[in-house]
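Below you'll find the structure, written out as C-alpha cells, and then a few comments.
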Amino acid sequence: MEQKDLKKLLKDVAAGKVDIDSAMLKLRLEPFEDLGFAKVDYHRGIRQGAAEVIYGAGKTPEQIVKIAEKLHDGGQKTVLITRMSTQAAQYAKDKLPLTYYDMGSIGIVGDMPEPDTKSTIVVASGGTSDMPVAEEAALTAEALGSRVTRLYDVGVSGLHRLLSHAEDIMNAKVIVAVAGMEGALASVIGGLADCPVIAVPTSVGYGASFGGLSALLSMLNSCASGVSVVNIDNGFGAGYLANMINRIGEQ
Amino acid sequence: MEQKDLKKLLKDVAAGKVDIDSAMLKLRLEPFEDLGFAKVDYHRGIRQGAAEVIYGAGKTPEQIVKIAEKLHDGGQKTVLITRMSTQAAQYAKDKLPLTYYDMGSIGIVGDMPEPDTKSTIVVASGGTSDMPVAEEAALTAEALGSRVTRLYDVGVSGLHRLLSHAEDIMNAKVIVAVAGMEGALASVIGGLADCPVIAVPTSVGYGASFGGLSALLSMLNSCASGVSVVNIDNGFGAGYLANMINRIGEQ
Amino acid sequence: MEQKDLKKLLKDVAAGKVDIDSAMLKLRLEPFEDLGFAKVDYHRGIRQGAAEVIYGAGKTPEQIVKIAEKLHDGGQKTVLITRMSTQAAQYAKDKLPLTYYDMGSIGIVGDMPEPDTKSTIVVASGGTSDMPVAEEAALTAEALGSRVTRLYDVGVSGLHRLLSHAEDIMNAKVIVAVAGMEGALASVIGGLADCPVIAVPTSVGYGASFGGLSALLSMLNSCASGVSVVNIDNGFGAGYLANMINRIGEQ
Amino acid sequence: MEQKDLKKLLKDVAAGKVDIDSAMLKLRLEPFEDLGFAKVDYHRGIRQGAAEVIYGAGKTPEQIVKIAEKLHDGGQKTVLITRMSTQAAQYAKDKLPLTYYDMGSIGIVGDMPEPDTKSTIVVASGGTSDMPVAEEAALTAEALGSRVTRLYDVGVSGLHRLLSHAEDIMNAKVIVAVAGMEGALASVIGGLADCPVIAVPTSVGYGASFGGLSALLSMLNSCASGVSVVNIDNGFGAGYLANMINRIGEQ
Amino acid sequence: MEQKDLKKLLKDVAAGKVDIDSAMLKLRLEPFEDLGFAKVDYHRGIRQGAAEVIYGAGKTPEQIVKIAEKLHDGGQKTVLITRMSTQAAQYAKDKLPLTYYDMGSIGIVGDMPEPDTKSTIVVASGGTSDMPVAEEAALTAEALGSRVTRLYDVGVSGLHRLLSHAEDIMNAKVIVAVAGMEGALASVIGGLADCPVIAVPTSVGYGASFGGLSALLSMLNSCASGVSVVNIDNGFGAGYLANMINRIGEQ
Amino acid sequence: MEQKDLKKLLKDVAAGKVDIDSAMLKLRLEPFEDLGFAKVDYHRGIRQGAAEVIYGAGKTPEQIVKIAEKLHDGGQKTVLITRMSTQAAQYAKDKLPLTYYDMGSIGIVGDMPEPDTKSTIVVASGGTSDMPVAEEAALTAEALGSRVTRLYDVGVSGLHRLLSHAEDIMNAKVIVAVAGMEGALASVIGGLADCPVIAVPTSVGYGASFGGLSALLSMLNSCASGVSVVNIDNGFGAGYLANMINRIGEQ
Amino acid sequence: MEQKDLKKLLKDVAAGKVDIDSAMLKLRLEPFEDLGFAKVDYHRGIRQGAAEVIYGAGKTPEQIVKIAEKLHDGGQKTVLITRMSTQAAQYAKDKLPLTYYDMGSIGIVGDMPEPDTKSTIVVASGGTSDMPVAEEAALTAEALGSRVTRLYDVGVSGLHRLLSHAEDIMNAKVIVAVAGMEGALASVIGGLADCPVIAVPTSVGYGASFGGLSALLSMLNSCASGVSVVNIDNGFGAGYLANMINRIGEQ
Amino acid sequence: MEQKDLKKLLKDVAAGKVDIDSAMLKLRLEPFEDLGFAKVDYHRGIRQGAAEVIYGAGKTPEQIVKIAEKLHDGGQKTVLITRMSTQAAQYAKDKLPLTYYDMGSIGIVGDMPEPDTKSTIVVASGGTSDMPVAEEAALTAEALGSRVTRLYDVGVSGLHRLLSHAEDIMNAKVIVAVAGMEGALASVIGGLADCPVIAVPTSVGYGASFGGLSALLSMLNSCASGVSVVNIDNGFGAGYLANMINRIGEQ
C-alpha cells in the first residue's frame, strides 16, 4: 500500500464509501512496506546517479548480463558488479558498455562517476597479494562517488614505507586497512590516524593464517581506538561503509 | 624534542652556534614524536574539555585513583574510567568527585558533559543481559560529549518491539547494536538503517555461544551493508568509534 | 494502539473529527503491534492458565520474586522459573507458593497443572549426570501441560536398558533425547522411533567433550531421520518445543 | 524371521514337531527384526505410496539407477533421489520416468504425489544462494506428500519482505528456515511464528562463515522458542522432519 | 524374561496352555535382555573377585558410600572408586575399609588384589604433573588384578631417562603412555615397543596446550604403529583397556 | 656396530690390540642401534613371511614399484601397499604380481597369506561410504595373517542390523569399529562387546562433520569401556593394531 | 655408568678379569647416559655459577623450598624459581636468602649474578598488562647472566613510543617481544631489527583474544623475517632462549 | 630525504637561504627513512654478495623473471626464489642462469655461494614427506652463505636413526627441526641439543593433523628449552633465522 492508496482508503472512510471494519481489516493485514516504509526497501538504494550493486559470485554470466542490462536500461548511470570472473567479463563485454578491473574482479557498466566528495578515503594494504581485496574496496567506494587514495604495499614489517605516507593517513576522513597474515596494519594505522579505520582481514597466507582467521582475530583485538572489522575478504563491505562515512557532513 | 626545541636547534644552526653535523646527528636520532608528530602521541586526546580514558581492568583501586587525580588536577573536566569494579568505585568515592554507573561499570570523575552534538547515536541491545555492554558503549559516547538514545530489550525474537522504534533507528547518525547469543540484531538493524552500524557481540549466553563466538561470527557475516564489528564485549570501543563518526560534519 | 483505538481513529476520520493527513501520520508511525500484530507480542504466551516463563539465570532472587509475584497476582495459575538457584528458591519460598525441583533447577509458583494431553512426550537421558538437563526439559513440558514419560540412564553403552523401553519409545508422539559425552543416544533413539526426536547435548563430560561440543556435533551428524538439535544444556528449549509438537492435533 | 515364521515355529512347538530347546536357541539368536520389530527396519519407510529415498551423493549413476529401478519396479509410486548430480540425471533419464529438479539436485522417479495434507509447511530462505538447500527441503516434503509454501529471498536485512508474508508464517503448521551467512532468519521467524521452526544452516558464504559454522552457531543460540537445528546443508533432514510434524493430527 | 521363563512359556505353548497368538505378543514385546542378552548387562562385570567400579566425580560422599557399601556387602572383594575427592575419602574412611590413593584420586574398598597375571603392563608418564592421571591408570589396572610397572618422569626432552628403561618397555605386554604438553611420549615409546601402546593425553600445561588438545592431536597423529588414544585425562579408561589386553592369552 | 663387531672390539681390548681409551671413544660415539638395539630398527618388521608395508600416498607409481620390487625380490612373500591410487596400480600391474583391492586402495604384491590365527578380528562399519576405510583395516589385518570377519552397513540408526550380528561381536578377540558422521557405532559396539574396540573415525560426512572431527570427538568421549581411537581415516593403523592384539596368546 | 666405570670395565676386560660376554651384556644394557651422554642429562645445566631452574607452578611451598635448599646447599650460587606464588615466597623467605620479584612471579635464591655478557637482550612489551610475562623473560635472562634492556609499554598503537627506542632495538643481539591482544609488536619490531626476535604471545585480553590465541596466530604469521614464537605466556622459555643466543660468540 | 639533502637543508638554514619555519615544516613531514633510517629499508638486505629473496608464490613466471633479472643485472650474485613452481622454473630457464631445486621448490639465479661460516646449521626432518619444507630451509640458509648438514628421515618413531646422528646434533650451532603429524621431533632434538632449535611444523598428514595444527601445537608445547616455532611449512623463515643465528660471532 503506497501513500496514495492509504490516503485514498482514509478518504473513502471519511466519505463513508468504506465501512470502518473493512478499513480495519485492510490496515491490519497490510504489509509493512505499504505503510510508508518503502524506504526500507530502498534504503540500500543510493542517491541519484550512483551505483546499483550486483554480487557476481555464484551467478552465471548470462544472469549477470541480464540484471545489469535491466538496471542500465532503466537509467542507472553506473552499475557495479563485484566478484565478477574474467569469463563473465569476457561474455559481458560485447553486450554492455563494461569496464572490467581485473585486480579487484570488479565490473563497471556505464560510467565510473567523477568523485563528488571533498573528503577522501584512504585504502591501505599490506602486501601485494592483498591488493585484490583492497581494489574491491577502493573501486566500490569510487563507483559510489567517493574520492579514494590508495596506499599499497605499506605492510608493518617495513614501517618506514607506511610512515612516509603519514600525511595521507592523517588527512583521511576514513581509512580502509586491508591485510592478511598477521593483520597488524589496522592497529598501526589506527594508532596513527584520528578517524574511523575499517579493517579488512584477507585470506592471503598459508599455514597458521587459517584462511584469514589469524588476521581477523588480530584486527578484532586491536588496541587502537576507532577500529572496526568486516568479514574476511569483504572489500565490498568496507568500501560501502567507507563511502557511507565519507559522505557524512558533505552536502 | 618539542617544537620549541626544534625551533631553537634550527635557530642555533642559523646563528652558527651549532655546526651542521651535530645538528644532523641530533635530528637523525631524535625520536619520531620530537619531530612534530606530537599529535601521534595525542591523537587519541580529545578536543578541549572532553574525557581522557582510564582502562580500569587489571588496575588496583589505588592506581586508578592516582591516575584519575593527576588527570583531574591537570584540568581534565571529565575523566572516564571503564571496567571499574564496585570495589574500586567504593575506594575512589572518598577521594574524588566520582559518579559511578553500576550497569556499565563506568566511573566518571568530574562532570558528565552536556551533549554538544546535534546528531544522535542510537545504542540498541537485544536482551537485558546485554545491557552492561550497551551501557559501557552509551556512557563512553556520552562522556565524550555525544547525544545518545538507548533502545534496550529490542531483540529480534520480538520484532515488533524493535519496529516500534523504527523512527529512532532511521534518524540516527550512527548505531551501536549490542547482542549476544545469535547476534542477529546487527543484521536486522543494518537492514532498517541507512547509517553505519557498529556491532558489538557480547559473551552473554551458554553452550554453543562459546563465550560470544557465535554472536561474533554472526555479525561478521551480516548480509546488511554498513555493518562493522568490534571485539566481544568491547562496549568502550564501539562507543568511542560511534562518537568519532557522530562528530563528523559537526563543527 | 489497540484495536479499539484504531476503531476510534477510523470513526473520527469517518466523522470528520480527524483530518486525513493527521490520520495518515498517526498510522504510519504506529508501532507494528498496534496494527493488529498483538499476537506477535504474545505469540509466546500460552493458552489460558498455562505457564508464563521466567529465565532465572543472571537475575537476583529479589528480581525473580518481583516478576513472579506480578504474574501470579495477575492470575497466572502456573509460573515456571528456569535455572533457579537454590539460594533464589530459599529466598522465594517465604514469599510465594513455590515448589522447587532441585534436580532441574526449576521453580513452579502456583500449581503444576494436571497433564491435559492424551499423547505423551518421552524424555530420555544417557547418564545420571545428564539428569538435571533432562529434568529441565521434562518439568518445562509438564508445566506447559504435557504428559511426560521419563526414561533415564538408558545410555547406548548398555543397549539392553534402552531396548527394554522400546514400547515407550515407539508410542511417544515426540521424544527429547538428552546426552553428553558422545551424544549417541539421539541417533539410536532416532533409529528406533517413528516420531520427531529433539536432541539436547549436555556439557557433561571432560577432556575432549569440550563443554558439550562433542555431543553437539555428534547429534547434528545423526544418520537417523527426524532428529533435530537445540543448544547445549538447553533443556527448556527442548521441553518447550516438545510441548508444542505434542499439542498438535489435540483439541 | 517374519511374523508368519514365528507363528509357524510356535505352531511346531505346540505340535511337538520342534522341541523346546531348539526353539529357545532359535529365538535367542534370532535377529531383533525377526521378532516383530520389522517396523524398526522400515520405520523410515513411509506410508503406502509415498517416497522411498535414495541418497545420491557418492553413488555412481549406474548404482542410483539400479536401486531406483528395483524400488520402482517393486511398486513404489514415488522414488525420491537426493543429492543427484546432473550427470546422474542425464544418465538416468533414458532408463527411468525421471523428473529432475536442478535447483535442489532432486530426482523423482514416478509421480510427484498430490499433496494429501490439509496443513502446510512453509519453507523460507534468506538469499538466492540458499535456494538449493531450501528446494531440497521443499521437494523432499512434497515427495512425502506434504503441502508446501515457499518463501524465498526473505532475508533479515530486508525485513519488510519477510513481514509482507506474515500471514503465511502465522498459518504454517511447521516452518523450515534456511539461511547461510549470519543465519538470523531462524530467530526472526521463530519470533513471529507460533509453530515449530526447523532451522537449516547453509554453507553459503565466505570468510568467517567458515563453511556454515557461523549460521549453525547462530541458529543454535536462537533466543526464539520452538527453534531446533539440523546439520549444515541438510535440506533433506529438515524436509523429512517437517513432513513428520506436518502429518501429526492429520488422518 | 529370564531363560527359565522363556522355557516355561515354550512349555506352556507345547502343552497348549498358552495359545500361539498370546505367546507371539509376549515374545515380540519382551525386552532384549530377557532373551538371553543378560550378558550384555553384565559384560562390564569382571571375573569373580575383581573390582566393580564407581565413578566418583559428581557424586556426593554419601552416595559413594552407599553404593560402595552395597557392593562390598554383596560380596565384592575389591570396589574401585575413581575420581574420589579427599573430602569423600575423609567421609568414607570411618564407614568402610577404604584405602585412599591421593595421587590418582582412587579409593579401594576391601583388598587391593594380588596381581594374577604373568605379563606386565607398563605405565609411563612424561612429567611429574602427569602423575595423577598415570596413577589413575596404574591403580585401575592393579585393582583389576594386573601386574603393573611404573616408569614416571621419562619425558622425551630427557631421552636417556626413557632409554635407561628400554628393557621394561620391550618386555611389556601393553603400555600406557601418559603425557601432557606436546604428548610426544606416545610416539617415542611406540617406536621402541613391539606391543600395543595406549596413549593418554593429559590436560597438564598452559597456553597453547588448550586443555590437553595439543597432546591429544599429537598422539592421534603418531607415526608409530600400534598406538591408539583415549580421552584427555582418562586414566581409568586406559587402565581398564590395558588390563583387558594384558589378560588375553592368560588363563 | 653389530654384536659381532662389539665382540671383536672387546676381544681386541682383551688381546691388547686396542687400547682402552680408543675403545672408550668408540663405544661412547657408537650409535644406539649398534649396541644391540637392532630390534629397535626392525621392531616394526613382522614375523617371517608376513607383510612389509609401503605407504603409497605421496609416492609416484615408479617409486612404489621400485620399493615393492626390492622387497619382493628380497624374499618378502607379501608386500602390502596402502593408499595406492588406481593409476599406481595400473602402472604396477605389468611389472609385479599385484592384486589390487579397489575398495580400500590396497595393493598386495605376492600372495595374500592364509589366515594363521585361531581368533578373529571383527571389522564393523556404519555406512557404505565408510567401507573404503574399513577395507583398509580389514585387508591390512589379513595381509598380516589375521582372520577377519566383516560387518558392514551396521550403523546405529538401524540397530537391528547390528544386533543380528551380536554373536560375531561377542566372539571377536578385537573389534575395529569404523564410522563417520556421528561416530556412535564405537560406543554401541563397546557396550555389546567384551574385548578391545579400536575406533576409526572417518572423514565421511558433510557440514558439521568437519572432516571427521565430529566422529573423532564422539569416539574419544565414548562411555563404553575398552574403546580407544586412532586418527581419522587411519584404517591401516587400526588393522595393524588389531592384528597385534589378535596375535596375543596365539603361538 | 660413569666414564671411570667404563674405563674400569675395559681395563678388567684387558686384564682378563671380566670375560667378553659379560662385558657385552653389561654394555648392551647400560643406560645411554652411562656411556658418556651425561651431557644429555645436564645439557640444560648451565655454566658454572649460573642458575638452576625450579618450575614453581603446581609445587607446594614446602616442595619448592626443599629443592631450592638442596641446590643452594650444593653450591649453586643462583637458583631461579619461576611461577612462584606470593604465598610460596612468603613461606620461603624465612628459610632461604630469597629475593622475590612480584611482577614476574620470580624468586631468586642466592645472588642475582652481575651480567657477564657484552651484548644485550632487549625485552619489549606492548601494554602494562603484558609486563608480568615480560619480567619473567627478563629476570630469567638476567638470572642466567645476560645483560637486559627493558622497553615496556611500546605497543604498536602508539608507534612513536616504540620508534623513540629505535637505537636500542637496532643495537640488540636478540629481542624478546611480548604482546597480547593483536600481537602486532613482534612484526613491527621484526621489521625494524636486524637480529633474532623471539615472540611471546600473552593471554592478556578478552573476547576474541581467546586466551592468547589471537596473539599467537598473529605472531606465527609475521611477515617480518627472523621472528620465531614460543608458547603463550612462556616468558621463561623466551628468556632462556634469548640468553642462549646472546651468549653465542661471547667467550 | 637522503643524508646529503638533510645536510643541504641545514646548510641552507645556516646560510639564511631557508627560513626556520620552512625548515621545521619540511623536517616534520619528512618520511622516516629519509632521516637516516635507510637501514630500516634494507635491514633485510644481506651482506654484500649474498642472496636477495623473491617470494615466488602468487607471482606469474613473467613477474618472477622480471624481478630476478633486475636484481641479477644490478650486480646481485645470488638471487634466491622461494616457492617457485616447476612451470615458472621451466619458463625462467632460458632467460636466466637458473638452478632449480625441485625438492624445496627453490630457484637460484647466479651462483649458489660457497659456505662462508665455520659453524654449521643442522636441518633435521621426520619423514620423507617433510623433505620439501626441510629443503626450503636448508637451501635458504645455503643461499645466504651458511654451512648446512642435512639429517633427513630421523623421525622419533625410529629413535635409533636420530641417535646415530647425536654428534651432528651436539656440534650444531643452531638446528632446524622439520616435522609434520605429531611434531615430536623438535622436543626430542631440543632435549639432546645445547643450541637454539627452530621448529617448523609441516602440513604433511591427514585427518586430525588438521593441516599442520597438530604439529604446530605440539612444538609450541615443547618441554625442551631453547625451542621456538615458525609458521606451518615456513621453511624459508626457519632457514633465514638459522642463518642469522649461525652468523653471530663469526666475522
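Order as written gives the chain letters A, B, C, D, E, F, G and H; numbering starts at 1 within each chain.
Throughout what follows, a contact is a pair of C-beta atoms (placed from the backbone, for glycine too) under 8 Å apart; a residue touches a chain by one contact, two chains touch by 3 or more.
Keep in mind it's a predicted model, so treat the numbers as computed, not measured.
> According to the touch definition, list the chains common to the neighbour sets of chain A and chain H.
Correct list: B, G.
> Out of B-D and B-C, which chain pair has the most contact pairs?
B-D
> Using C-alpha centroids, which chain lies at the maximum separation from chain D?
Farthest by centroid: G.
> In whole angstrom, how far does the Cα centroid of chain B sit from the Cα centroid of chain H?
The mean C-alpha positions of chain B and chain H differ by 41 Å.
> Using CA atom averages as chain centres, what separation in Å is found between chain C and chain F?
Spacing between the chain centres: roughly 50 Å.
> Can you list the residues of chain B that touch 2 or more other chains?
In chain B, residues 32, 37, 40, 158-159, 163, 191-192, 207-209, 213, 216, 220-221, 225, 231-232 touch at least two other chains, as defined above.
> How do the chains pair up in terms of touching? List each pair.
The complete list of chain pairs in contact reads A-B, A-C, A-D, A-G, A-H, B-C, B-D, B-G, B-H, C-D, C-E, C-F, D-E, D-F, E-F, E-G, E-H, F-G, F-H, G-H.
> Going by the contact rule at the top, pick out the chain E residues touching chain F in the complex.
32, 37, 39-40, 43-44, 163, 166, 170, 173, 191-196, 198, 216, 220-221, 225-232, 237-238, 240-241, 244-245, 248-250
> Please output the residues of chain B touching chain H within their complex, sorted ascending.
3, 6-7, 10-11, 13-14, 16, 20, 23-24, 27-28, 32, 35-37
> Give every residue of chain G touching chain B within the complex, in rising order.
These residues of chain G touch chain B: 128-129, 158-161, 163-167, 206-209.
> Looking at the complex, which residues from chain B come into contact with chain D?
For this pair, the touching residues of chain B are 126-127, 155-159, 163, 181-184, 186-188, 190-192, 205, 207-210, 213-215, 217-225.
> Per the contact definition, I'd like the list of chain E residues that touch chain C in the complex.
29, 31-34, 37, 40-41, 57-58, 201, 203, 211-213, 216, 231-234
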